[in-house]
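Just so it is clear, A, B, C and D label the chains in written order, and each chain counts residues from 1 on its own.
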Amino acid sequence: MSSINKKFLSKGIDNSGFGSNSNTEGGRLTNKDGSINLRKTGTPFFSRYSLYHVLIRLPRTKFLLLVFVFYTVINIFFAFLYVYIGVDRLEGTQHSNNFFIQYSQAFFFSSQTLTTVGYGHVAPTGLLANSLASIESFAGIMAFALVTGLFYARFSRPRAHLMFSEKLLLTPYKEGNAFMLRVASKKNNHLTDAEAFVTTAFHVEENGKRVTKFYTLPLEISHINSLALSWTIVHYIDEKSPFWGFSEQDLRDANIEVMVTIKAFDDNYSNLVQQRTSYVASEIEYGAKFIPAFARSEDGSHTILQLDKLHVYEPVELNV
Amino acid sequence: MSSINKKFLSKGIDNSGFGSNSNTEGGRLTNKDGSINLRKTGTPFFSRYSLYHVLIRLPRTKFLLLVFVFYTVINIFFAFLYVYIGVDRLEGTQHSNNFFIQYSQAFFFSSQTLTTVGYGHVAPTGLLANSLASIESFAGIMAFALVTGLFYARFSRPRAHLMFSEKLLLTPYKEGNAFMLRVASKKNNHLTDAEAFVTTAFHVEENGKRVTKFYTLPLEISHINSLALSWTIVHYIDEKSPFWGFSEQDLRDANIEVMVTIKAFDDNYSNLVQQRTSYVASEIEYGAKFIPAFARSEDGSHTILQLDKLHVYEPVELNV
Amino acid sequence: MSSINKKFLSKGIDNSGFGSNSNTEGGRLTNKDGSINLRKTGTPFFSRYSLYHVLIRLPRTKFLLLVFVFYTVINIFFAFLYVYIGVDRLEGTQHSNNFFIQYSQAFFFSSQTLTTVGYGHVAPTGLLANSLASIESFAGIMAFALVTGLFYARFSRPRAHLMFSEKLLLTPYKEGNAFMLRVASKKNNHLTDAEAFVTTAFHVEENGKRVTKFYTLPLEISHINSLALSWTIVHYIDEKSPFWGFSEQDLRDANIEVMVTIKAFDDNYSNLVQQRTSYVASEIEYGAKFIPAFARSEDGSHTILQLDKLHVYEPVELNV
Amino acid sequence: MSSINKKFLSKGIDNSGFGSNSNTEGGRLTNKDGSINLRKTGTPFFSRYSLYHVLIRLPRTKFLLLVFVFYTVINIFFAFLYVYIGVDRLEGTQHSNNFFIQYSQAFFFSSQTLTTVGYGHVAPTGLLANSLASIESFAGIMAFALVTGLFYARFSRPRAHLMFSEKLLLTPYKEGNAFMLRVASKKNNHLTDAEAFVTTAFHVEENGKRVTKFYTLPLEISHINSLALSWTIVHYIDEKSPFWGFSEQDLRDANIEVMVTIKAFDDNYSNLVQQRTSYVASEIEYGAKFIPAFARSEDGSHTILQLDKLHVYEPVELNV
């Protein structure tokens, strides 16, 4: 392999954003969902996180749970304050020496104030209770501004909604072989001006050291006008490919990782959207080809894209 | 036709995003409103739809109806819960054994809680009713966050507001003929840096099989600085055109579909906007030319764009 | 002039977006604020206007007035409905046979429902009043969603905040003369990657007809990295200029209009912003040069940009 | 130095956006946070500021304080109006001749109206009080629209979240030396397609006058696919550099300022983000090199980026 690699040493790209001696053989560079397999240290915990990014990426159920907990915690906090200044300052509450009864009345008054429902069968009297209620309703509006903003932002966030084939295939193509993956928009969105950008990372010997090299993989088609149907992205292994001259075994040995980025324009968001993924060695299938994922509708009036078939491939003899 | 087609077989573009053997002769590729004539299958119903895209594209009256139904259904649901735990837990309600009277009181209390109006002449007492009201007002704020967000997003969504001529014309032009369509912004928006991109699909014999080929149509002008007036988009059929050498009958036989995309920048949205349309065989008029759609205002101080004349054409002799 | 024009007939751009025989000599093509001097007809009034565009561009006081009128009209409408079904259905109202007293009570109840304040000293009873209140509070939330959305959108809308010099100057420059205008960001915004694009319209004889021709004016500098200070945009009249060989009188006779577009990126909006303006014959000053608009602060620690001096020029002898 | 500078006089860029004779030796051109060191005069105070830009850039605590003060001031204002028309017009208030008791009751009623809590234990009666409350709740919704919009906009504003190394280093590189700085995204955001753009300002003798010249510094790598780890931006001082032939002392004497702009695409915002900084003479370290800021995690599964080490360098001998 060393003779082959030498040819490409000078062609490796150094603007992948990853280091050449990162030695991350224990893990992948890019996760399946396109995020970077990286941890940051050296600054305080909170300064390392953008709360916005965290909340936007949280799974839906966790987000809703978090918001509900947040709502409850604020109520608990204010309820304690109302109990502290005296539940009798909340006119309309039932007199009781039982702490739980006092507290629950304060809690529900707090929730009515925070949401600005304000039934009024319980209402604050006196300076302290009134001030506290005034501050709470103000804080409620501020807090709900953030929460509802986030809630809507999550719902309306521009996303590519792409489905990638689970496997990257090595398929016979022209006189040789090609790496192929398939991608389709999996929802009712319409992407135009889609661009694909594929890079690979693999390990070569350089001056006796084992380093990670990065290469941009030339594609047969790297831009399509409309991502209407599924798109098979093809990297043909010819003289311009970093894999030129590799046998199947060489490819298996090279422990490659293939990183894919798709950028496109979405009409409904009127915005650029982007999605990434990555294929590591175990996600590459050698000697396989995709089966078609299309059909004509029974009445012949439109095309059907069978998303479940996007991943389906069958074995095939590779060219040597 | 076979001799003509051969010349262009190699020039067909393969990045249209449509398949070459999609065989969709029963229908058009792109609908009149620019959406793709495609259905997706193979994944669960809900994972195939982005709720956001659906709600953003729903016609206005359907959207308002849907929201009202949604509002009513949530109230019906909570009203049942209030009746279940006992309407007597809602202080201020009129005692009655009649289910309808109980239910309607619970329903209106629910609506007052959901919208956070909270008059308070009816108010919850006890742990259960209070908890339920607390949850409902919280849910109400969340739900209205989505609904009002969507409502406003629909209203403010960047759109090109373009009007395309109903027909694509074949008009005598220079020494030959040209396909022409007209486009104008139909509202009080001002588009700058407008770009037009036109592709055509048609069927040719290739290796004895009938396949769909795609071509980009070169335009006389494909970019204008300002889409101030109407814009006549012209594809001249010269040697660079896939239709070069076609007779009128050849064109009619080819069963072509012409897909048009306009991209521009809108000042008020400060955003890129895009609109698409498509012309199938029945929407092409052979031997016709557009009549002007402009006039000077009576006082001579400004130009008038007559939008109703955008579609108007008159018959004309084609060049042979 | 005819000999000069012939040289440029072929160089005129035909993608200005304006027509060549628009004959709009009575008025300017582009207004001072960058909008197009155009009226549209031929479609129903409301389909010619995007309500969003209208409301976003309305002057602030008119917008606030309109919103207040809108709020009042909705209250008037619902108040009539409450009076129609009987003010006695609103518990807590004072009984009266005086229509004005009835109506004003209904009106204030309506406003308390619409804004979801819902004090509750007046509250609906019975099916009709409750249903109406339920619908009104729902409508209120929807209406305020639009209004507050617009209110905020107006406030946060990406704008270039540019100030253009009132006059376009013809100033001696190098061996000849140049058209110059100045532009600066007039607020505390910082624009980067600013691009200027200047076109001119003027009337030439072509085949005996007087037509409007459009030319892109080459600029000495058309892109700057940062619009930090003021920017003097310079079109030097050399062989590449459509005005090459024109005497001052020729320029005055040509009745030119110069249209300017600036595009830049704003950090705070994280968005592209654009602003346009136009200079007609009466806004061009022949034989004048701008005086500097900068000074150093007294303590020498920063530069001062004197915005009021942006327009200031002094007479100067032109090169012949 | 004069012989060296002459070579570059013609290469200086004149589109930096800064003036050549700005003579701002007392201060830097660009502040550390990327803003321009400039003050504007000549227009009224308020027309020089975009309130939006001010409020978006205000530090968090100042913003929250300002909003709270704003909320309080509106309440104070309306409370005075209620007291003026008579607190007895607010039914449910406690009768008192004490101004403070009157005023505090009016104040809390006002806050309940403004936030639309509207408990209703205090409620307006009569035309004046009702009208005032109606206007206040309307104003409250408008005001909170702005405030909550701003609150959320600040939270969700697209930002690059970049950390730049505190110092710019002159480091031995290849056969000569290079200026180097490091940058990394300091939060959990992922930037792709990052571009760096570096310019320098320094003072040269031109026709006997001391003027500021601007140069674009060519970079070894100016674009990276993914800003995954830290990025060392390198300007090698070779024949294409404006600093070619400068000794270390020449560089120190030149009193240079180096301005850096990074542009990238952020997935979560689906938006372009940009951040700038600048290094003045005192922030340049001659003869130093960065130490690595990476480590492998203990379990070998991912890379660790040590943000605190981003600034760390060690002394090194420069090439001569």
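The working rule: a contact is a pair of C-beta atoms (placed from the backbone, for glycine too) under 8 Å apart; a residue touches a chain by one contact, two chains touch by 3 or more.
A quick note: this is a predicted structure, and the numbers were derived from the prediction, not measured.
**Student:** By label order, what chains touch subunit C and subunit D together?
**Tutor:** A, B
**Student:** Based on the averaged CA atom positions, which chain is farthest from subunit B?
**Tutor:** D
**Student:** With over half of the numbers shared counting as same, classify the subunit A/subunit B interface as same or different.
**Tutor:** different
**Student:** Please tell me the distance, in whole Å, between the geometric centres of subunit A and subunit B computed from their C-alpha atoms.
**Tutor:** Computed from C-alpha means, the inter-chain centre distance equals 27 Å.
**Student:** Can you work out the whole-Å distance between the CA centroids of subunit A and subunit C?
**Tutor:** So the centroids are 38 Å from each other.
**Student:** Where does subunit D touch two or more other chains at once, residue-wise?
**Tutor:** Touching at least two other chains: 112, 116-120, 122, 144, 149, 271.
**Student:** For the complex, give me every residue of subunit B touching subunit C.
**Tutor:** Residue positions touching the partner: 67-68, 71, 75, 104, 108, 111-112, 115-122, 144, 147-149, 151-152, 155-156, 161, 186-190, 192, 194, 221, 223-229, 231, 265, 267-268, 270-271, 294, 296-297, 299-310.
**Student:** What residues on subunit B touch subunit D, complex-wise?
**Tutor:** 116, 118-120
**Student:** Which of the residues in subunit D come into contact with subunit C in the complex?
**Tutor:** The contact residues of subunit D facing subunit C are 13-19, 22-27, 29, 34-43, 47-54, 56-57, 91-92, 112-113, 116-120, 122-124, 127, 130-131, 133-134, 137-138, 140-142, 144-146, 149-150, 153, 157-159, 197, 199, 261, 269, 271-274, 276.
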